[in-house]
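Before any comments, here is the structure.
In this document, chain identifiers A, B, C and D correspond to the written order of the chains, with residue numbering beginning at 1 in each.
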Amino acid sequence: MPFASSRHKAPNTSISNPMTDSIADRFQRARQFTEQLVQPLSAEDCMIQSMDDASPTRWHLAHTTWFFETFILREQADYSEFDPQFNYLFNSYYNTIGEQFPRSQRGLLSRPGLQQILEYRDHVNQQLIQRLEHPEFLTQYERLLEIGIQHEQQHQELILTDIKHALSCNPTWPKFHDLPLDTTSRNTPSEPITIDEGLYEIGHFGPGFAFDNESPRHQAFLHQCTVSSSLVTCGEYLEFMEAGGYQRPEYWLSMGWAAIQQQGWQSPMYWLNVDDQPMQFTLGGLLPLNLDAPVTHVSFFEADAYARWCGKRLPTEFEWEVAASQTSIADNDPFVDWFVDQGLAIHPTCSPSGFCGSVWQWTASSYLGYPGYRPPAGAVGEYNGKFMCDQHVLRGGSVATQRSHIRPTYRNFFPAATRWQFSGIRLAD
Amino acid sequence: MPFASSRHKAPNTSISNPMTDSIADRFQRARQFTEQLVQPLSAEDCMIQSMDDASPTRWHLAHTTWFFETFILREQADYSEFDPQFNYLFNSYYNTIGEQFPRSQRGLLSRPGLQQILEYRDHVNQQLIQRLEHPEFLTQYERLLEIGIQHEQQHQELILTDIKHALSCNPTWPKFHDLPLDTTSRNTPSEPITIDEGLYEIGHFGPGFAFDNESPRHQAFLHQCTVSSSLVTCGEYLEFMEAGGYQRPEYWLSMGWAAIQQQGWQSPMYWLNVDDQPMQFTLGGLLPLNLDAPVTHVSFFEADAYARWCGKRLPTEFEWEVAASQTSIADNDPFVDWFVDQGLAIHPTCSPSGFCGSVWQWTASSYLGYPGYRPPAGAVGEYNGKFMCDQHVLRGGSVATQRSHIRPTYRNFFPAATRWQFSGIRLAD
Amino acid sequence: MPFASSRHKAPNTSISNPMTDSIADRFQRARQFTEQLVQPLSAEDCMIQSMDDASPTRWHLAHTTWFFETFILREQADYSEFDPQFNYLFNSYYNTIGEQFPRSQRGLLSRPGLQQILEYRDHVNQQLIQRLEHPEFLTQYERLLEIGIQHEQQHQELILTDIKHALSCNPTWPKFHDLPLDTTSRNTPSEPITIDEGLYEIGHFGPGFAFDNESPRHQAFLHQCTVSSSLVTCGEYLEFMEAGGYQRPEYWLSMGWAAIQQQGWQSPMYWLNVDDQPMQFTLGGLLPLNLDAPVTHVSFFEADAYARWCGKRLPTEFEWEVAASQTSIADNDPFVDWFVDQGLAIHPTCSPSGFCGSVWQWTASSYLGYPGYRPPAGAVGEYNGKFMCDQHVLRGGSVATQRSHIRPTYRNFFPAATRWQFSGIRLAD
Amino acid sequence: MPFASSRHKAPNTSISNPMTDSIADRFQRARQFTEQLVQPLSAEDCMIQSMDDASPTRWHLAHTTWFFETFILREQADYSEFDPQFNYLFNSYYNTIGEQFPRSQRGLLSRPGLQQILEYRDHVNQQLIQRLEHPEFLTQYERLLEIGIQHEQQHQELILTDIKHALSCNPTWPKFHDLPLDTTSRNTPSEPITIDEGLYEIGHFGPGFAFDNESPRHQAFLHQCTVSSSLVTCGEYLEFMEAGGYQRPEYWLSMGWAAIQQQGWQSPMYWLNVDDQPMQFTLGGLLPLNLDAPVTHVSFFEADAYARWCGKRLPTEFEWEVAASQTSIADNDPFVDWFVDQGLAIHPTCSPSGFCGSVWQWTASSYLGYPGYRPPAGAVGEYNGKFMCDQHVLRGGSVATQRSHIRPTYRNFFPAATRWQFSGIRLAD
């Protein structure tokens, strides 16, 4: 039982560099990092599915493995499957591959056990690594391998947000890990970034990896605006709450007003009062609310209402991208690998002046295809395109994202009522 | 009981012209046209609320009256209310005005009776008309009066779509009216309209009325494309169905695939087989399916899936607007006032080559504010702005829309699963 | 439109006597009494279905007619149906007869109109009356005719309870009728009725009509007990409320406690505070609560909790029947025909010392078949037997029941959470 | 991790005798038997909650411990709690004790871990055993200890039925244990037991333990009837299915017909066709259907419909008790301890001629208090009395019941739609 007893050890991940490291190295690091992340969890923790949108940790461990097996290994004549039933059990939503075990019942599966899932991971890892020595194989599957690594990284983030939600359902407020908080100050004076009216190039370009939904690069006409260089803090958000923000319909989209009535929302997710002290549930258990930290676990509705209350608005994803392209990502930006490397709890602790990391930032943009976008053929075409409806773009990455996973053109997306991700607010004007 | 016994008589509405007619004339015509529309209905028909999204006819009659009373008359010191309880009963969704009787229970109200609602209409009409003689009043309330007229026209359309849905729940397939179908042919050869890459002006300009959501007029960069000059017909859509369109997930957005599974959709709404003959339920009862007519009562999901199956796509609302601005609206275009004037059943009967009328056309665009858009202050600000989330823009008007209500910049919007409106498909490439 | 304008006139129903009047007379009186009851309602009132358990008045008018048509007239070779579609539209739950229009959608049917439904009633009445002159017909169908009359009477009661619920959904608190309240005092000193331990005969006997579920008459062993001769009053029930009855789980069945939490019940149905005055909604509109009147519109759960709070219990239906058999039904007992004859509002106004009328009384007994009970063959067998599961027996009749409909062996039954019937409490010990 | 690796070993439980063994011995055996039962399960298996009605194995392990701690140990001044949070976490439904963690979320708790729950069991066991040496303690708590042991036995049965349901949700059909089936034949000729009309004594008497709901012993008058000496078999039930039993409404209670429509039931629970072979899911995995075995996992509705189809009926619980009192319980009757002692899979494998064991038998009786029944004061009063509403009595015990737990007066009860218990059919006439 490797998970039950051990605790988070000082990690020694040297951060991988997608530009210089071999894909074989990066494959192995990505796979190891997943297992490193789940070290603090017991087999029982890995069972919990606390809502339909979230999955048990054990499912993430298996599904990311299924991805490599299904899209690469199953095409190899000499590959022998670990277990033929896994194709059904661990398919998430790829209709082209076949039927799927119902999403909402993932928490009902105790077999295969965690130990067997880890063996499944090993099996697929070894089968893939031995083939990575063949240059033709590498050439043929480079794009799919890269997608698989990116996919693994996305599920690393979901492992963290899903287990946070799972543990939050337990009235004993269990800790995911017991590590010190970050006390680094990254604050620099906030200076709004001005964007001039004109035509801008939007979308991915150059040699690095990007998802299909970041293309084609295309021109868009932007009007003059300013984008804040800093994120909205918990303290600022508390002012909105104290001004009756959750009680005044005029700040809210109609669907947002309905959502806060139906759900009884009165604050961001995971905030609660304990003996009249504002607290928040974190991966490190119940902690006092840090007023200087960026607000997180807000829905699009709350981000939008806050902006309206300020007399501002959310930036469009194009404005965000143009503003972000004027900045750069630093080695110590608050991404998950930095926290793990430093042996710190995964939690936003300071108001970053950078654009990326800390919290995902809701934009005013609906998640739609760029002009000329067509999903790729085959099952991989189901990755991004079919979700382009009634979802909202978030940009920038969070404390649960790997730095190597993020770029200024990266588009994350969730429905407007989503709160269990590390999602926050950047304003525009 | 004016509604119970009389049948649709040959109408004599001369079509009003918003550019030349006085607003007092247009007010009276709009109000009369509503009552003319409901002539074929009994008091009992006017009671039905067949789903939460639809309202009883009687509610539409009262709510449009409430609108003029609330936004104009209640501000007049010398106005005496018809009944103070109506402010609560007939408020739709204006939180700024006060609480609202629950939407889903509108069908439970039998009091005030239809007769009393008609007296309420008369009361408000008279109170308003006598004030319209005063130029200062006219100047002060011109914008609100205009909005009230437009609002009345929108509810005229809803009266027709809601009663169609209501009657469709009755297994005896009642007819709304018993009038001949249009046999006019408007077909002209379909020639795709080409739009060149470049910057275009989008949004309302000039002296006529427009809603706030059509502004500000602004520049947008469009890529080269073509927009079809004709609508997709029932016959063309039937080919998609016969090619297994509803059984193949690769054509569908993820939410669309879920919707057709959950709802059991296998065809557009109101289509059914009777003794192996394809039929459709219409305002004139059960009729054979006309393969040459534009397909209607499809959701955004179905429009999008059909386009994908064709290897095409839906136009964005900007592409639609640019294409539409190259056409003009003719006197005999298939709008509701033309049908009423001709004494014809309200039903799409031919494949129009024009851009407007017949069926609303789903676009690829989410319903969002234009750059620089801010909702107006006060209760009227709740009209359009607060719905800018997870809705999809439709353009062009339908057989249930008044011609004077439509312009190329007009933006209609509904959730993606909506089918009870007269909604159809125009393709782009 | 006979219903819209007229108001309740002084009635002149001489009460029918099932022992002496011919069945033809009684058939006609029963049918007329239904129409007399609905006089105060508009066609629109008759449309409302305010919950799945209730039906629109118009449906009751049609369904009772359907009953005679289906079980008697359709068997006659020379009978010509009024409309063949009605067999589907107005079948309530007789699977043996055929499929049924969905119960929860009865409020969506505006056609046939009320006028046509009244013509349907006339048609069936005339067809039946002309056949009643033939003695063979009378002999053959006497039992079915009697069931049809009893069935009509049951729906008369449902018309009143359903319209009360329907009107209660209207925030203007409409009155069903505007008649004076009963100020008669029937109070006599309450003396508990003692039942000695021993074997008793239970169930119907003798020549009069009874439903199948009142048979077979059989022996049952009862233990010694006392049954109260008076009903629990609103004032007594208020004491329970003020003692925290609705907040203390120890008084409640587990399902009852869950029900009051989920439904938010804090008092009997239709009670509300207006300006700190306890009021109740009645068929005569909003009235002050009468503390001396029997409490009504309580569920089985509330009756049971009240009894527990008193240290008493509800009688079993056998105890009730034995106690009731020691009393008799008086001409001026508070049944619906007495109220109508007196021109009084239908509402419990005094604490009756009699056993029958005023409010139905929840018993401790589940609704099950008596020893040896077998449902009759054919569709009529669906009348009572198939509901013998998870329902609770009520005895005694109410202000909405006809006196000729009640006898000491009569078993009414409803689920434990039912509150919209005139249901109250009699205690035992 | 005692559960993860070990498999079911040959057990050596000598069956306890409630009449001769000390309560201390019986306490220890009951506690050990629970742990023995869960041996085949992994910590992950113990997490699953597959429906609201079922609980995770780990919860049963903790709740039974909580019961002894709460009702006995917490009253001892010198007792130190294992963990104060457990009082909230593991209270099932005792409102008198305090609030309860929501039942439907029991599957979301991974902490305390299984290991800690087992330590909790040890802690409470030791604390209790050391006190059992004091005669005054024993005297004072004998009744509560006895209830605690009976309670533990009830949860042993639930552990088996709940894990069976949990594993059945896994499409790989996991086995709970891999043991041989019973091939013993217990069949003796079926001879109906005749009960003569007359007064009978019903309910518990004598020195042994019984629950409050089995008292007071009282007289009841029974009519002449016969009760079958054998249970309905799978083969007999299959005939009902093949005769269209699930398609013909005339055999069903109204609620039963609704249930089979809504749930899509076409056979008993856990039956399925694999390659056209009738199979059933069991605690030993997927097995061929044994036509000679008693049918099990049927609801009250199915039992009742089957009986009606046969022209018979279910016995009342009084008839059952009188018939059962003419039989005796043998050492090798099919109860769980016999299966465990023999090292056989827990599964009904033969048609028993005895009255008890194998499957619980639905009776025609609603679960109500006997004449004069009053629930005990205090929290223990919540054990049985508050569930006396809309539940149905089952008698006889099953393959998952301990022999020492059963007696002819024992009343089990479940809602009519319950199928996950080992419930079957005995007929009467």
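The rule we apply is simple: a residue touches a chain if its C-beta (ideal position, glycine included) is under 8 Å from a C-beta of that chain, and two chains touch if they have at least 3 such contacts.
Everything numeric here is computed off the predicted structure, so don't read it as measured data.
Participant: Count the C-beta pairs in contact for A-B and for A-D, then report the pair with the higher count.
Facilitator: A-D
Participant: As a quick test, compute the distance in whole Å between the mean CA positions of chain B and chain D.
Facilitator: Their C-alpha centroids are separated by 60 Å.
Participant: Can you give the whole-Å distance between the Cα centres of chain A and chain B?
Facilitator: 40
Participant: Whole-Å distance, chain A centre to chain D centre, using C-alpha means?
Facilitator: Spacing between the chain centres: roughly 46 Å.
Participant: Can you name every pair of chains that touch?
Facilitator: Every pair of chains in contact is listed here: A-B, A-D, B-C, C-D.
Participant: Provide the residue numbers of chain C that touch chain D in the complex, in ascending order.
Facilitator: 93, 95-96, 199, 218-221, 223, 249-250, 252-257, 300-301, 364-366, 368, 371-372, 381, 386-390, 416
Participant: Could you pull out which chain B residues touch chain C in their complex?
Facilitator: 1, 4, 42-48, 50, 58, 85, 88-89, 101, 105, 107-115, 166-167, 169-172, 174
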